[in-house]
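Labels for the chains are A, B, C, D and E, by order of writing; each one numbers its residues from 1.
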Amino acid sequence: MNWSAALPLFVLASSLLPGLVIFFLPEERVATRSSLNLAGAVLKLVLAGVMVWGIFHGSHFETRLPLLPGLDLLLRADSLSMLFVVLSSILWLVTTVYAIGYLEGSPNRSRFFGFFSLCVTATVGVALAGNLITFLLFYELLTLATYPLIVHRGTEVARRAGRTYLIYTVAGGTLLLIGTVWLYTLAGTLEFTPRGFLSTLDGASSTALVIIFVLLIAGLGVKAALIPLHGWLPQAMVAPAPVSALLHAVAVVKAGAFGIVRVVYDVYGIQFSATLGVTLPLAIVAAATIIYGSMRALFQDDLKRRLAFSTISQVAYIVLGIAIVGPIAAVGGLVHLVHQGVMKITLFFCAGNLAETLGIHKISEMNGVGRRMPWTMAAFTIAAFGMIGAPPLAGFISKWYLGLGALDAGQGWVIFILAGSSLLNAGYFLPILYAAWFKTPADAWPAERAFGRRETAWALLAPPLVTAFLTLAVGLLASAPFSPLQWARFITTLEYAE
Amino acid sequence: MIPAFLYALVGVGLFTLGLYALIIHAHLLRKILALNVMASGVFLVLVALAARTQGMPDPVAHAMVITGIVVAVSATALALVLMLRVRIATGRAELAKEPLE
Amino acid sequence: MNTVLSASLLILTPLLPLLLAFPALRSRLPRPCYIALLPALILLALPQGASIDLPWLLLGSGLGIDGGVGRWLLAISVLLWMVAAHLLHPAKGESADDRVTSYYLLTLAGNLGAVLATDLVGFFTFSTLMGYGFYTLLVAGEDDGSRRAARTYLIVLIVADLMLFEAVLIAAATAGNLHFEAVRLVMGQSASPGLYLLMVLVGFALKAGVWPLHFWLLPLFRTTRPAVALLLGGIPIAVALLGFVRWLPLGEISLPALGLIIQGMGVAAMLYAILAGVRQAQLKILPAYIAIFATGVFTAAMGAGLSNPAAWNRYADFAYLLIASLGLGVALLVVGIGWLRARSYPPALPEKQAGDSALWFEHWLGAAARWAAQMGVETLPRLRAVWLVKAGALWQCYAWQRALDSGERFLQRWACAVTLFLLLGILVVFI
Amino acid sequence: MKKSNNAKPITENDSRQAQFRLLLAVPLSALAVGLGYAVLSLPSQAPGLSDHVAAKLEISGVSNPVTAVLLNFRGYDTLLELGVLLLALLGVWSLGAAPKRREPSPGLVLELLSRLLVPLLILVAGYLLWVGGHAPGGAFQAGSVLATAGVLLLLAGWRLDTRFSGLPLRLALVAGLGVFLLVAVVLMLAGGHLLEYPPSFAGALILLIEAAATFSIGTALAALFLGGRPEKGSHR
Amino acid sequence: MLALDIPWGVMAIILPLAGAMSCFLWPRCALPLGLVTALAIVICVAGLGWQLLEQGAQRYAVGGWGAPLGIDLYADGLTLLMLMMTAVVGLGISIYSCGYFNQDRARHFWPLWMFLWAALNALFLSADIFNLYVTLELLGLAAVALVALAGGADALTGAMRYLLVSLLGSLCYLLGVALLYHSFGSVDIATLAERVESSPAVWAAMGLMITGLLLKTALFPLHFWLPSAHASAPAPVSALLSALVVKASFYILLRLWLEIFPFAGAALAQLLGLLGAAAVLWGGLQALRQTRLKMLIAYSTVAQLGYLFLAFPLASITGWTGALYVLLSHAAAKTAMFMAAGNILYFGGHDRIVDLDRVVQHLPLTITAFALAGISIMGLPPSGGFIAKWLLLEAAIRSGQWWWGIALILGGLLSAAWVFKVVGYAFTRSEVPHEARAVPAAMEWTALLMAVVAILLGLFVPWLLALMEIGLPFGGEGSAG
């Protein structure tokens, strides 16, 4: 096995092995655990960087292990997967730092970090999967690795949330499995191919293909929280903040969205999907999700719940970008994969900081918090404006390409969806900002913890600042080489090239 | 020839009767006996049909029956002892009617 | 050397205030508000126009200063900002509100950037930054009335930004290049510029408070402090008018009917401003009417330009002057009034009806929100709940459990009988 | 089967029981008819494997075909079957110690009869074992007769001395299977297949195995009669 | 090559028999003797595997006579996999039992267990339907005795019912054997396969044998004996029963179906499939509402056995492979689960599900084992269970009988429901202290290792499939894909 074949495995192992070791670490070995975690995260980032560089220069990274006759466990780094891998790697590193700070002194940390690493392994596996069965494998692994994180607190609420999560995701995984098997029996292969492998298929009835498409999308839509499959997400916010952050930004919802991208692009092929007539319904579902999620978010008082509904809305952008058949919208969708991650993780970090430092969980308690925790709230503000789509932040770029793509593809109605969503986004984010910055603070915070001179612990503060900076940077420097935008363009040229 | 089939039919009859008894009787001893009757029926079928030869009956079937008998004896012994233990443990030589909790 | 200097100045002009907006970066500096204006001042002093392309920024952006309207406006802006800085500067003994300084600098950065922007996205970005920054200025440390007025402004801002965003999208989809010149050329020849024009017109009209859309302007003037009112007159409105000039394909396109309507609206705005302004007793609101009047003038001119491109080309410089002087005029008025009031009038009482227009706006918004809440929150989850979450309740159903129990008991009791039946079944199936 | 639910009136139970019996008779008779039909459909002449047996009888080492099948041709079955017997005993022993029943004195008749019969039975067992080589008889028959002797003794109140109830008893129980297995393995190690007797030694080996098996079967059956493992030191 | 000439398969039968006898003779040394035997058996099975890889399927004439007169042993890929499964599970259980049984129980356990192992190996290797009957009886009696080892009313009643059922099944089977033998004059499977032709006697024989074996395999609705027997037995025994014993009769059924009854009608296959589907659903539903952990696991066995029968109507190599994979992965996973349940019972003295949280918090390895095994049982990747589900589903869709896929999927969902119902307790916080008995590390680690085996089964599929194709037990051209 040469270097290029081993690299994807190394990327997986860089979080898997630390994770497994951590499971067996005694609770009090904090330093060992933290350094293992961080070393793994940094290593993964470096490896991912190497791969990005290699792919840009035309190398191929592919690991193929036989799984079943005719079906391989295939890990392949292509441009699309690298987008997700790099995102996961970066955000994992940041979240690890955050989690170390967040969970300081709480019980069951070895278990937590073990599953945390497994979760990232599964995510990276989802990203690197080179065929549908490998994807399915890691997709389910992700379900399993996330469940312990959601119920980590062990309260009744957490268990209920975990149960709901499982009901949804296991059912979704099952649908995905059915679709995958069916597809395999029709096509005889499951390997992701640019522009799909189904368009060349003779004899398969298009009805069957449409049903399979629906099955696959439904299965993936559960994780991507498309309506009406989103019910688990708002409940899952009972998890500790780093988990919510990871869940909403990278791991779970993104895996679903990423899967939809894969299915539409590399299984069906975008042109073939359009021919089948499945993209428009998908776009409509996505649009409905965007609006619905935002509407629900408007009326939540619990901060994390509001963010959760916001995620539902935002992730549907990615799907929308794909479902509008056109290269420009595709860029928008893909780039939103990254941008939403960066922004949402910031928001959850900040929410976590508020909860951890001041005991604030509700928006109605946030009056004047900007004075107490200016840095946290600054990060929050940047991310929130990014979500609204204010230029020059990350969200603007995504919306820009989505809108432009919709016009390009002749689907002008999307513009109004975007506008409505932005309006609603503003409607639920700006009051938070207003309350935080301009209202007079209450006499005492619900549960304040002192951190000396700083507003909160370093490990809690640095991650949101870094991600907020990223939010700004990816928007501002969108046209710079190796920016997410450029990478998304690179991907779409492959997909749409004739 | 004809007797062979006659005996075989008796064997079948014993088998069915044993099955009937096994179903309707609750007492374990009766059940065990019913199984023995069934076994006898089976052995009868085996042995009877072995006689459909010219001259010496088929010895293989006989050997099988001997083996079968020993097995049946062993099983019956175990069953009887087990029945006694059940009676000691539950006070009745019957199977518990309620599904186990 | 010169190009390097001008380029760095161009970048620094919006960047320096932006950087200084972070409290940590300016904590050692005396009077950061003035220092932030330095690059702009130097830029004004440069004899000729300059521009710089920043392809890596946003979607490929650029900054530049041209000889005409840009320079004028920049000059006016700098002037206004300096005055405002002076006004905002706390009197001796008062502690400086650090946050206000930050807001000030943010807004400043947005303003300067918008003036210097050479493409739609850059302009849009900076003007948004300015808009939100300005909102923070309005809100910071004021009373309830002004906050409500500011909230109306915010909503206007968001709606306007959305429309402009659509406009940018349309422009990009049509033109492919977002430079002002390119957009104007392409949109001028475009077959169906209607939506774009509508979006731009309504969007900037909202931002500038052009007559029928001026409802947010009055409460603001009524409630804010002089320094902010000064900026309000000069900065957002002027930038919005600049937006008209920059974004619309004026002089390239001839739309007599639309032009006539706009002209009519401009005239109506002037009439309204005069009538209402005369009837208005409060000195404080007077600048608002003047602003409305001025925008009316500009609108009329623009309408004329739309119906007669040649005329626009000829008199365009006049419009620029108008924009520039508008800012100055309103600003001076505000300062004057403020000064007057400070000398002779007692402080105005807080207004009871802090802007009727603001109230109806809120009223409708609230109604819409309630409706949405009912639709979205009540119906959909219930639908979903029926088929997924209630499954658990179904599972608890007693009948189920009993059926399962009795089934199991039956199987245990009639064990051998079941065997028999299966045996028969197999035989029957087979034979 | 009786109903478990005692609250229900017994009469109702009984009538339902009767109904069920009737109902059951129908499929059972169907089954019997079906099986009978199947049996009758068999060819009226079928040699089975008797020709094969007859052909190989000379080299099997014994002249009784049933014994030849049992211990030579299908000796493997018998090996496992000895295992079944031993296993049943193990199972019985694992269920607990033999119930300690204070039997009344066996009485004079039983006492005398057993003293008279036991040696005779042992003799008969030996004969059956020996005759098995060429006429009906063999290890199982002999073993059961031997067991009868044991049972008679047990009924008469005799118990194995505690000195022998440990390893010696176990050795006796294992002997049949053990010798059989040993022979099988030795034959295999000698280069043949499992249980492949050289024709010259076949008779002797079979007799050896049968002797050990008889002993074990007799002991095992008698031990099974006890209904549990012999407790140390509790017997006469 | 001397080592290739050793009849490893025969050794795998003889060794446990010898082990059983020596354990019986010297009860004080039962444990070391048993362990040594277990290791030796594993080596034998490995040797057999090597032999098969080198030389293909093997036939061994016991006594040198050869079929039809003598008894043949036959080993192909299917046999090998079953033997390997038995060896792996058996080794695990042997190690587990070191800690589980006290001195008194151990002296009974070891010889019985060795007999059981011998019976299993003999059964898998046998190519003779009468010999299969003897091994079945050997197996059944050993299993019953092991169940009764737990003592107590539950276990004894369960054992009694199990014994009756087992005997009934055996007798049905034996009558079938009698009819077949008298029809065709042979009890050798291969010979029968050549001679067999459709006749009323064959039908009757088939009905009897299939019913008898179904009874022993506990296919719904003949599963009534299984839950009580499996749940009340000592933990290692429960594991043995669920993992191995019920599979043995299924193995015979499979062999007969493939070799002797290839002309069996599609209707019968559909009936078996239907019963399998019913078992999957019924077992799943019952499992979900059990209040005791071991009962729950036992009902899950009922459900999992149903999967095996889904392959009958599909009747393709993929389907058979899938069923076989269910069999293997279920063996490993269920062993792990029963071991985990045993640990919990050992530690806390009870296995009430609602009170599990107090226990499992202290047994992280155990609950991990349970969870990993659960992953395989519910068929989530990466695990043997997933591969099985995949293959069965693929076969179902390929054959156009997608409705079997539905049963498969629903079964998976039901098992997911109960697995997570249990695993969820690992995460609840409970502070209540209680009396506890420390669980030996060997027991926890064995459970975990068995669960890991169940997971690993999902990753070494081609290797196992290659083994399975030795001798082409399912016919066809070889490739299962």
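Criterion: a residue touches a chain if its C-beta (ideal position, glycine included) is under 8 Å from a C-beta of that chain, and two chains touch if they have at least 3 such contacts.
Remember, predicted model here, so these are calculated numbers, not experimental data.
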More contacts between chains, C-E or A-C: A-C
Relative to subunit B, chain with the most remote C-alpha centre: C
Innermost chain by mean C-alpha position: A
Reference subunit E; chain at largest CA-centroid distance: C
Distance from subunit B to subunit A - Cα centre to Cα centre, in angstrom: 67
Geometric centre distance via CA averages, subunit D-subunit C, whole Å: 99
Averaged-CA centre spacing for the pair subunit D and subunit B, given as whole angstrom: 14
Mean-CA-position distance for subunit E and subunit B (Å): 27
Per-residue multi-chain contacts in subunit A, two or more chains: none
Residues of subunit E engaged with two or more neighbouring chains: 130, 134, 137, 141, 144-145, 148, 161, 168, 175, 179, 181-182, 200, 203-204, 208, 228
Set of subunit D residues in contact with two or more other chains: 1, 4, 24, 28, 31, 34-35, 39, 42-43, 46-49, 53, 73-74, 77, 81, 84, 87-88, 91, 95
Listing of all chain pairs that touch each other, if any do: A-C, A-E, B-C, B-D, B-E, C-D, C-E, D-E
Subunit E residues touching subunit C - in the complex, by the definition given at the top: 161, 165, 168, 172, 200, 203-204, 206-208, 210-211, 214-215, 221-225, 228, 264-265, 267-268, 271, 275, 282, 285-286, 288-289
Residues of subunit A defined as touching subunit E within the complex: 23, 65-71, 73, 111, 133, 136-138, 140-141, 143-144, 147-148, 151-156, 158-159, 162-163, 166, 170-171, 173-174, 177-178, 181-182, 184-185
Subunit E-facing residues of subunit C, complex: 395, 400-401, 404, 407-408, 411-412, 415-416, 418-419, 422-423, 425-427, 429-431
Sites on subunit A touched by subunit C in the complex: 164, 167-168, 227-228, 231, 292, 295-296, 298-299, 374, 385, 388-392, 396-397, 399-400, 403-404, 407-408, 415, 418-419, 422-423, 426-427, 430, 434, 437-438, 475-480
Subunit D-facing residues of subunit E, complex: 7, 10, 14, 17-18, 20-21, 24-26, 60-65, 68-71, 108, 111-112, 115, 118-119, 122, 130-131, 134-135, 137-138, 141-142, 144-145, 148-149, 175, 179, 181-183, 185-186, 199-201, 203-205, 208
